[in-house]
Every structure is written in structure tokens, then in C-alpha cells.
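In the two assemblies presented below, chain A is common to both, partnered first by chain B and then by chain C.
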Partner chain A sequence: MSDSAVSEVDAPAEPQSPPRPRRDLAKPVRAVAWLALLVVLLALPLYLDAAWLKAGQYMMIGAVGAIGLTLVVGQAGQLSLAHAFFLLAGGTAYSVLSGPTGDDRVVGFGLDPGLSLLGAVVVAALLGLAFAPVAGRLRGIYLGVASLALVFLGLYFGQSAEELTGGTSTGRTPAPFSLFGFPFTNDGPEISLLGVPIRQAERTWYLFLLLTVVAFVVARGAVRGRVGRSWRAVRDNEAAAAVMGVSVMRAKAGAFAVSSAYGGLAGAMTVLWFDILKPDESEFGTYGINVSIAYLAMVIIGGLGSVSGALVGALIVNGLPQVLALYSADLGWFSGTGDGALTPILVSSFVYGAAIVLVVLFEPGGLAAIGRRITRKTQEEK
Partner chain B sequence: MKRTHLAAALAAVLVLSACSTKAGDAGSSGSDSSGVKTGKGVTATEVTLGVMTDKSGVFKNLGLGVTQGNELWAKDFNAAGGVCGRQVKLEEVDHGYKADTAKTLYPQIEPKVLGFVQLLGSPVVAALKQNLATDKTVAAPASWSSELLDNPYVMIVGTTYDLEIIDGLSYLQEQGLIKDGDTIGHVYIDGEYGKNGLRGSQFYAKKHNLTVKEVKITSTDSDLTNVVTGLKGAGVKAIVLTTTPAQTGSAAATNKALGLNVPVLGNNPTFDPALLKSPAAGALDKLTIVASSVPFSADLPKAKDVAAKFKAAYKETPNGGVPYGYAVGEVWGAVLKKACDNKDLTRDGIAAALKQTTSASTDNLVAALDFSKPGTPATRQVYAATPDASAEGGVKYVKPLFEAPEAKEYVAPHQK
Partner chain C sequence: MNTFLQLVVNGLGKGAVFALLALGFVIIFKATEVVNFAHGSLVLFGGYLVVVTRDALGWVGASLVGIVSAGLLALAVERLLLSRSRHADANSLALLTIGVDVIVTEEIVRRLGVTLPFLGDAWDAKPFQLGGITLFRTHLVALGVAAVLITAFWLAFKYSNWGVAMRAQAENREAAALMGIRSSRVTATAWLVAGLLAGVAVLFIATQDFSGAGLSRGTHSIALAAFPAAILGGLDSTAGAVVGGLVVGLVEALSAQYVSFDFSKSAVFLVMLVVLVVRPSGLFGTRERTRV
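After this line comes the complex of A and B, so read on.
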């Protein structure tokens, strides 16, 4: 899909650029900037109210999913619209693995929630791998349409496999998350930090932050390493990649499986965030076409293939409706009613629709390309 | 360059640590001078109730109607003196029928309210189910599935979908339109709404040895021609619908076009007066609607009063949500008064008062309600009506509020 859109990945420097005397400094500076961002994110629960934390957690779910999708779409050049399916698969796997045994309505294995989360990632990856024969043979829009079939498969599965999903009527409640016996709910030890009680909202924030950081670091590692090079080689020219000794089928299948694993993790985070796994009643819903498209929008806005761009994309697509809804409730913005009224939901869909059009028209490299240009400028000025 | 970045990062950290952190949980419970216990959502002069509605999504017309009904009630309730010397205030938010937005808005609105006079949309109610239980917040969902009743804090005003269908089938049989041993078709949206209605058909079928041809559709299907053709092939004697109004129109039109012409039974959400102006209008004569809350222009003194007040206050086209929203308010009013008598306006007090509410009257906007048995629908009564373009509100009653003997025997999923 993006054979020429992304000629560079976010490697810190390009081989062609003229040697700059202070280039060696770029790396530590970036590290410090990321560290500062992390410190801010760690401190936020001490300042933000539960509603804002909830919105932030939703953005992190989007970030994890978008990182996965940017790897397969941007790095390996395979358009995938199946992300919503893997979200459902991950959410279901987590609920089933962690669910209590002996429930006569739904199946549960009663595993440790931490283990179940890992299990959800593995299950989603295996499902992605099972799709590999298709993913390996198709390209671009053909693969996109083929992968869309998975979303409909998910819709059917969610409705019919009631023992696993709980059914569309009531859904099922996933086991609350805990790690080595430490609960991420309001139960358990009362902890407070600087006078702020660390309860469910704050605990879940730290959990999601940890998962996002791990997802980010792993993706960056993959992009910069051998795996990423093979993905890009396949994306740019399959024949040339094969000549260079890259197994095209393996690279494609691998990219799809990795992206599915990310989708599965985002799915498990989704059911934890909602406190419920409820399969969709129609093709639009928590795991429907609209979600697949939203993830694609994050990846496009962020800049195809850029891992940090995916973070920004998630911030805009998953975050904007939430932030606008919260602000409008506070300030009474967009409080019109009935037909033709401007509401937060409507405004945010306009904004992200416009963002996609503007990005595609004027900055095909996405926000990541703008970011890269700014950092380069500041470096050249010195 | 390194220094500037470092400085910026340090500055950010400093700014963050300079402001004070957020305050801990503000537990503002206590008692006022007259000995009434108060908690979240209650001040010396005000009782705040929450409205989480849809003003921008697919159910915006219904959401707006219910909200305006809530507002009209609050105005009347306050004019009549309020409760415990306090006035009722509504805190409204719009979630656009999106569960994720609702999930984020909930922690923002929850600390400000005593309970929810409206919680619209089954995906929203499902997503917030756990929160309501944790926060012990009583909420009235604009969703009538008996599956919701496992949560003691859910207050369903009216009967549930399963009971609507049981009462409706019993009415068809009483009229001689179906008999024991017949085959009937049930077209349902796969989800909380349709599946709950299907439970009703299945229960009634077992009692009367009927064969039910179940047809599952999604809420976005618009053409039911194939479905009804299939039902004709199966030789059905009646069609039961738990669908959207547009789907009802399609099913009714096909029923006529194919010459099947069997009676069609639909519950409350299947009919919208707009159908009478649609191409399907001519095919609606076989349709019977069962519901427990009245349409906007019902011929009842209280409904007429609400309608007049609505016309004076708003310009929008009204719908059945208005009297329903008003009725929910009336029930909340009864619960608030009981809680006030108990001198306990906290959330626990409201939950207790709800359980003591054995006869909430809404002046017949909804059948009389009894909330004393958690897990059990508050009423099992419905009325039956047929579409009639000449009648005000688009329907004509064919049987006033009644409760079928089968409905008495029915055990709801969470009934104890």
C-alpha cells in the first residue's frame, strides 16, 4: 500500500546526510526526552481525576493496537483491516483463560490473570499465523479485503460461541487483573502516594502504561533489527528481497502474526477497561469494521511504519472523542441537541477525518515525518 | 541543544511537582440539621440526578424525548416542593450511544449524582453494570431486558421484553389467531433486546406446544423479504418481531405482498408512528403492538397533561420517550420521598427505599410497579394496540392493561 510513502523509518540518522559534528548527541537527547515523557506519564495519576485517567487508558489501548498495525501495514507493506478481529480474539482469550471454572453458562480455566494476558497474546498471534497462507499470497487492497472477512467471522463467532464470549445478550465479566496477587482494583492493600490514594483508576493506568512501554520498546527493537529490515525489503520489492536471501513468505507471515499479537494485547486491555466482554450485535461496535478503520486511521495519521507516529495517531483518534466529551461536559460546549447539532462525537469525527485527508494530501509521511523534519531543523541550526 | 532539552524536561517535572496533587476521596457524607443522612449528589438545597443519554447517536430522537420527559418531571416535582426541602437538579451528559465514551464520562458524573434517572442504550448499560454495583448507584436504564435485573441497582420502569411477548402471544391466542400446536416465526435482532424477546416466545411455545421458527438478524439489516419468504415456506401462523421499526415495516409489507397475511406481533420498540407515513403504511393492519408504557398522545389525563406541558416547553417532534421519561421521574420521586421519610438520602438509603417501593404509581403512564423483589420485573402488565393513522399518537388500544396467566407463571432469568 505504501511502497513509496515511507522511504525512511525512524532510524535516528540517515546514511546520506552529511556528517554533523554534534550528531553523536542526538541519541542521548532523544533518550532524555523519552525519559522526561515517561516521568510525566508516571506522575499524571497524581494530578488527574479518574475520568481523565480513564480517557488516558483508552488512548493507551489504541497505542498498543496501532503499534501492531503500523508494523504490518507500514513496515511489511500489507494492508490489514482485520485488527478488530484480533481485538475480539484477545479479549475472548483473556476472559476464557482467566474466567472462573465451574460456571455453568460460560467456559473458564481459572488461570492467573497475568498468565491469561500472556495467553491472550499467544492465542491472537497463533490466529494471525493461521491467516498467514492468505497474508503471504495477497498484497495491498486484495489482502485488505480478504482480512476484512475476519471481522465478519469475528461477528459470527462472537454471536454463536456463547460459551466463550457470553453471547450478545449479556456478555461476560472478565476476571479483574492482578499480578502476583496484587489486585488492580479497589481491593487489596491501601496505597497512597503523595497523599493520593492509588486505587483502581491509578493502578490500571500504571498497568496500561507498563504494557504500552513494553509494546513500544519491542516494536522499536524489531523495526531496527534484522526482522525490520526483512519486512522493509519485502515491502519494497519482493523479488529483490528473495534474491537477498529473505524468505518472503516467512517475513510476511511473521509480520502478520506479530501485529495480531499486538491486537490481542489491545483486546485484553479493552475488556479490562470495559469490565465486560460483550460481542457486537451488528458489524459496528467494539470489535466491528469501524474499529478496524479507526486503527488504520491512527496508523495513517501517525505516518505509516513509524512506531512513535502510531502513538500520536492513537492519541488523536482514540483520545479526541474522549477529551472532547469530557471538556464539553465540563464547559457546556457543543451541548446542542437533535438533528444537525454539533456534538463532541460529531466534532471529533470531523477532526480525525480532516486529519487523514490533510495528512494524505500534504504529508504522506504522517505526523512522524513532520516530527523528524523539526528535529533535523533544530539540529542543523546549531 | 542537550542542555535546552534537559532543561525543558526538568522544567516539566518541576512544574508537575510544584502543583499540589489531587485531593483524596472527598467523603462528604453526614447528616443535616433535620437528621437526614446525606452523601454523594445531595447538598443542603439540591438533590442531583444524572442523565446519561444519546443526543447525537442512532437513538438521539428517543434520547432527546426521554430527557425532555425527565426535565418536565423535575420542573413539576420541584414546583410541588421537591423532597426533604431540596430541589431536584439534573446533570446531563451525551454519550452518543458509544459505550467507550460513556465509560469515560461515568467517573466524571458519578461523584456529582445521587443516582441516574436515565441511562440510555444497552451497550452503555452493559459497560457500566459493574460500576453501578461498585458505586451502589441506582439507575433507570432506557432498556427493558430482564437480563439486567441481576443487578439490584437497576430499576426497570415498565415490563420486560420477554413478558411483552408472552402477554402478546396470549392475546393472539385469546383472539383465536393462533392455536396450540401451530408454528410461529420469531424474527429477532441478535443481542440483548431480541434475545430477551425470544425467551418470551420460547416460554409461551413450551406451554402451548408451538413450534418456533427462530430467525436471527442484525440491527443493520433493512430488507426482511427473504426472511418472511422463508417463514412462509415453514407455514407459520403468526410472525413475532423484536426488531427496529424499519424492519417491522419491511416484514409487514412482505407479509402482505406474499399473500401470507398472518398476524404480526411486535413489542414496544418495534413500532414508531413514522411507519404510518412510510410505504409500508398499507400493510400495518395485521400488526398488534404490546407495550407497558404509553405513546405520546395516549388518551389518559396524565399523558394529556404531559403532552400539553411538552408542547409549551419544546419545539421538537415528540415521541413515546417523553411520557416514559416523565414516568421514570415519577418513580424516582416516589423513591426519593420514601428515602426522605426514612431520613436517609444516601445511595444506600435510595437502594433501600427502592426495595420498599411496592406500589409506584405513574398515573397509568406505566402499569403500577413493584420493586420489592430484586430480579423480578416490576410489572407484568401490557396493553395491546393496533396502528391507526386517524388516532392521536398513531395507535388505537384494542385491550387495556392486562396480565396473561402465562406471564404470571414465567420465571425471569434472575428471579429468585
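After this line comes the complex of A and C, so read on.
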């Protein structure tokens, strides 16, 4: 992942002299664009119905997870196939921490849901740290397959630790989310905005949007700061990084822990989205190897290491099955059932499989590189 | 004691199949430094063609078709995709194979639908007794076939022109090219051979004796267990692939019996993790050195 990965910070530097005053324009323009996007996202619940909001929430789960993965794979150059494991860990931690006490079937601590969400992130990060000594010793593909071990351990954990996960047959219901006593369900105070009642779908949309924005801002900060520089130094050449005073082990462990924290958050969001924690029976499921690969696909399609690219990747990989499923009812597509039917999930698997192949073949920098090229072009034409 | 002996024999039989698959990873990795994540889909593809053609051709003909087509698919992936992107580094190409794997696997699983056919018709599926041990014919045939193929490969690798070229390229790509070795031909053959081995392996995987399940998505995930086999042996070691395969087979058989069936899948990965922590490049792999 090392040489071909182009992060936004590594974009070939523009010649410094003669100074180009137009460059100064790019920054405010970009800020305005981000702001406009945020305004649109804030306004969407007023116009979309619940099904579309649900689809949007799923894309935001993908975005949070993919941002985390792009940090470790693209920025720190460590291939990780363990993301599905951290989703399961985060989802389980949230369910256990927030679960009701006194249920003799499953363990619960009855903590505040907001606190439990934080706890899920911390638990996932700690698990990531626990794997760090292994991750630190291994490189490239060896690390990729080693991290795959976590997914299989997660599968076994989900099957056997029924007091925590609820078991594969029934699963367990997580406590509905609430923040300082404000419920993100249809209960509680009736609120309406511009005549639109703000109910569960809208409330969860805003919650997920907030989490996604925080995840995005933190990741951008990390990438642009000292931490990100040390990650990229380790990615590009471990020996050189060590010579320059970067603690290689610490950088690697840090990247892994941060990425698993993101995975844990995405996992807690997943559990809230499904309204159930249900560990997989086989290695293909909600927390299986195919999910790890889907997250990797988001990262590759977006452009390894690019935080905004990860957002676009999530939009494609997690969004496509949702959007296709919603449209198919209107268009009469995918109405076939049973043997050999084309389902929205299948179609989107084909699309992202093909997207990975095309991206590696023609645009190793991913969609982020295309975006970068477009902005550069428009600036030159001005 | 008898149970233990029986488990060892079964484990070795399974392990022989994992060795065939792991050898495929290793051959490709040696020739191109690419890890082929699409190996599981080659397995499925070969198996699917056996299912499609066996009514018309019988088991022997269909198996040949399956083996050859798995090889040809591997060749096509290399010629059409990988050889066209020389500028990309090996890790990006490994990711590319993930894309290929997703497409091929999804399509074949879709075509299979709910029919999960068994492939092993050629030999009697009934287990037989030998000195108090119950043996499965599939395991014995697998052991025999794997022994023959691996020996043949090893001889070819050691003595044939192709083997010399291959070893030269694995040692130093540029130098080999300068000495007149056609790198593209070596690479293409490596992929072809790996695909053929995957095609042979599926004949054993999708049987009653081996997995208890027919050709399905599960077949793909069994092929995935060859991954830890290749890794724990060392990705660039052919002997490592054989040892790794046998270790994986034994670990799976023993842990399924003595711990639990659910645990056996993760046990394989756990053993791999332990080996990697002690030897980061696998048991027989070349250590990576950095020159400063």
C-alpha cells in the first residue's frame, strides 16, 4: 500500500515560485463547498421520507467505518482485514454496557446510552491496542491475513459468548439511544420543524450526521497534524522514519487503535440501525469477512488514505444496495426471488468489485485523485 | 488412541488439499510478489464447471474441464488485468484480485442458488475400516493425488527450464530479465499452474467426506483456510506451503474433536497468529531485510 498510496497531504506540491495568487482562493471556496454540503445534509430530513433517511443513515455508518480504515490502511500503510471484528466488538460493547441489568439471559450494565456509545469506542480501541504487538511485528500481506484471524475469532466469540452477544439464533436488542434523557425514538417530546415532525428517523439522522462530522473532523485533524506525518513516514519507509525519530511501534499501534475505535463506533451505529445485535452463524454476514472486504473496497475506491475519498467510497459501497432496494419497488426491478435472482446486494457487489478492479488499473489514487485533478483543472482555467 | 490416529489421518487428508491450495498462493507470490485473493473464486469456478458439464461428459471429463477452466481463469486474470498494470505495486494488485474475487464468487453463488451439488462421484463415499480406524476414501485419494502433484511440481521446479526460470525470477526480477528470461511467460505459467491446482483441490473440497457440504459459498471459505496455511509456512516457500497445509489440516481436525466444531475455524487462524508472532515471515519464509 505504500508507494502508490497518494494522500491529500502528499499531493505533488505546486511549484512555489512564482507565487500563484489563485491558490489562496481555493481554501475559502472549499470551505464554502463543505458548508453547503452540511446545510443540505441538515435540511434533507425535512424533505425525505423515513425509508430514504434510513438508507442515508446506513451510508453514514459506512462513512465512519471507512474513515477509520483509511487511516490505518492508507495513511499508516498497514493492511487490515479486521474491520468487521471491530464492528462486532463495538456493537457488543454498546449492547452490554447499555443493556438492562437483571436479565438472566444476557449481561447488561444499565449504563446511560450516551456513555455506552463512548464505552463502545473505548473498548474497540483497547482491543485494537491489544492486537498492536502482533501488528507491529508484521508487514504487508502477512499483517492482512493475521488481522483476518480477528474476524474468525469474532465469529467464534459471537457464537459462544451468548451472555454478551445474545447468541446467533436470537441476538439481543440494544437499548434505544438517548442523550441526556432525550430519546432518539418516537417517544418523548413532540418536535416539529417547518411542519415536519422530527421523529425516530429524523432524530437518528441528525445523531448519525453529528457522529460522522465529528469522525471526519478528527480524522482530518490527525492526518494534517504531527500524528498523520508520523503515520505516513512509517508507511513510506520504516527505517527512515525511525532514523528521523518517529517511534515506529507507537505510530503503528496508534494507527491501529484509532482505526479500531472508528470501527467500534460504526459497530455501535450498526446495532442501533438494525435495532438488534445478531452475531453471524457463518463467516459471511453482518460481521463477516465480506464486510471487511466491503470496507476495504470503500477505502480503495475512494483513494487510499484520503478521508474525503472514504466518504465517497462509503456512499457507493453501502449506499448502492440501499438505493437500489428503494428504487426497485418503484421500477419493478429485482422482483425475481429464489434461485439466481438478482438482488440489490448482489448488483452492488458486482459494481464495487468492478470498481476496485478499475480503480487499481486506471486510477490508483482512487476517486480522490480524480477530484483533485478536477479542482486543479478548474483553477487553471480560471 | 484410535480416535487420535483417525483424526491424524483425516487431518492429513484435508491438509493435503490445503497444501495444493497453499502451493498455488506460493507459486504466484514467488513469480510476481502478488498475493492472490481471488484463489477462492478459482476454486468455485472450477467446481461450477464440473457441475455444469458432468451430465454430458461424465466425472472424468467434467473434472478435466473444471481443472483446465480454473487454470484458464487464473491465466486470464493475469493476462487481462495484472500484466496490464505494471506501474502498480504488488500490494495494489493484491487488492485488485479482491475485486475479481468478489465478482466471480457472487456470480457463481448466484448461479448455484439453493442447489449445492457434491462433486466426488468417482470413488465410493462409504468410509471403510482399517485396523480399528474408520477411513474416508476422499482423504486417501486426496493424499495420493496431492503427493503425486506436489512431487511433480517439485521436480519441475528443481530441474525443468521453467523451474530454473521461475527460481531466477523469484531471486531477482531485473537480473533474470537481463539474462534473457521472459518474465511475462514465467508469470503467466505460474498463474496457470496455481489455477490448475485450485481446480484439482475443489474436486475434494466439495464432497461429503471433506466438508459435509456441496459446492457453495462455504467452499470458498474453506479455500480461504489455505491462506493461513500459505502464510504460516512462509509465502515464498514451496516446502512451507506443504507443511503449512498439513498443519492447518491437523489443527482443524484435532480442534474440532477436542475443543469444539465452531472453534476449529478460528483455531487455524490462532495457530497462524502464534507462528507469526514468533517468526514474522512464517516458518520457512525469507526474512525481509532493510538496507539503510
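A few remarks follow.
The rule is simple: the second predicted complex is superposed on the first by the 360 of 382 C-alpha atoms of A that agree within 3 Å, B and C clash if a C-alpha of one lies under 4 Å from a C-alpha of the other, contacts with A are read in each partner's own complex, and residues count from 1 in each chain.
Please note the rule applied: a contact is a pair of C-beta atoms (placed from the backbone, for glycine too) under 8 Å apart; a residue touches a chain by one contact, two chains touch by 3 or more.
Fair warning: this is a prediction, and the values are worked out from it, not measured in the lab.
Using the contact criterion defined above for the overlaid structures, shared-chain residue A:284 touches chain B and also reaches chain C. When the two complexes are overlaid on their common chain A, residue A:141 makes contact with chain C while staying clear of chain B. Legend: residue contacts after superposition of the two complexes on their common chain; A:353 is shown touching chain C, with no touch to chain B.
Contacts of A:152 after superposition on the shared chain: chain C is touched, whereas chain B is not.
Residue contacts after overlaying the shared chain place A:170 against chain B, while chain C stays out of touching range. Counting contacts as defined above, chain A residues 159, 282-284, 338-339, 341, 346 meet chain B in one complex and chain C in the other. Listing the residues of chain C that touch chain A in their complex gives 35, 81, 84-85, 87-89, 91-96, 98-103, 106-107, 110-111, 113-115, 217-218, 221, 224, 227-228, 231, 235, 260, 262-263, 265-266, 268-270, 272-273, 276-277, 280-282, 288, 290, 292.
Chain A contributes residues 1-4, 79, 133-134, 137-142, 144-146, 148-149, 152-153, 155-156, 159-160, 238-240, 243, 282-284, 289, 293, 296-297, 300, 338-342, 346, 349-350, 352-357, 360-361, 364 to its touches with chain C in the complex.
Across the complex, chain B meets chain A through its residues 1-2, 5-6, 8-10, 12-13, 16-17, 19, 21-25, 55-57, 60-61, 64, 67, 93-96, 98-101, 103-109, 123, 126-127, 129-131, 134, 145, 147, 189-192, 195-196, 216, 218-220, 316.
Note for the complex: chain A touches chain B at residues 22, 25, 28-29, 32-33, 35-36, 39-40, 43, 46-51, 53-55, 58, 159, 167-171, 173, 186, 192, 194-197, 201, 273-276, 278, 281-286, 321-322, 325-326, 328-330, 335-339, 341, 343-346, 378-379, 382.
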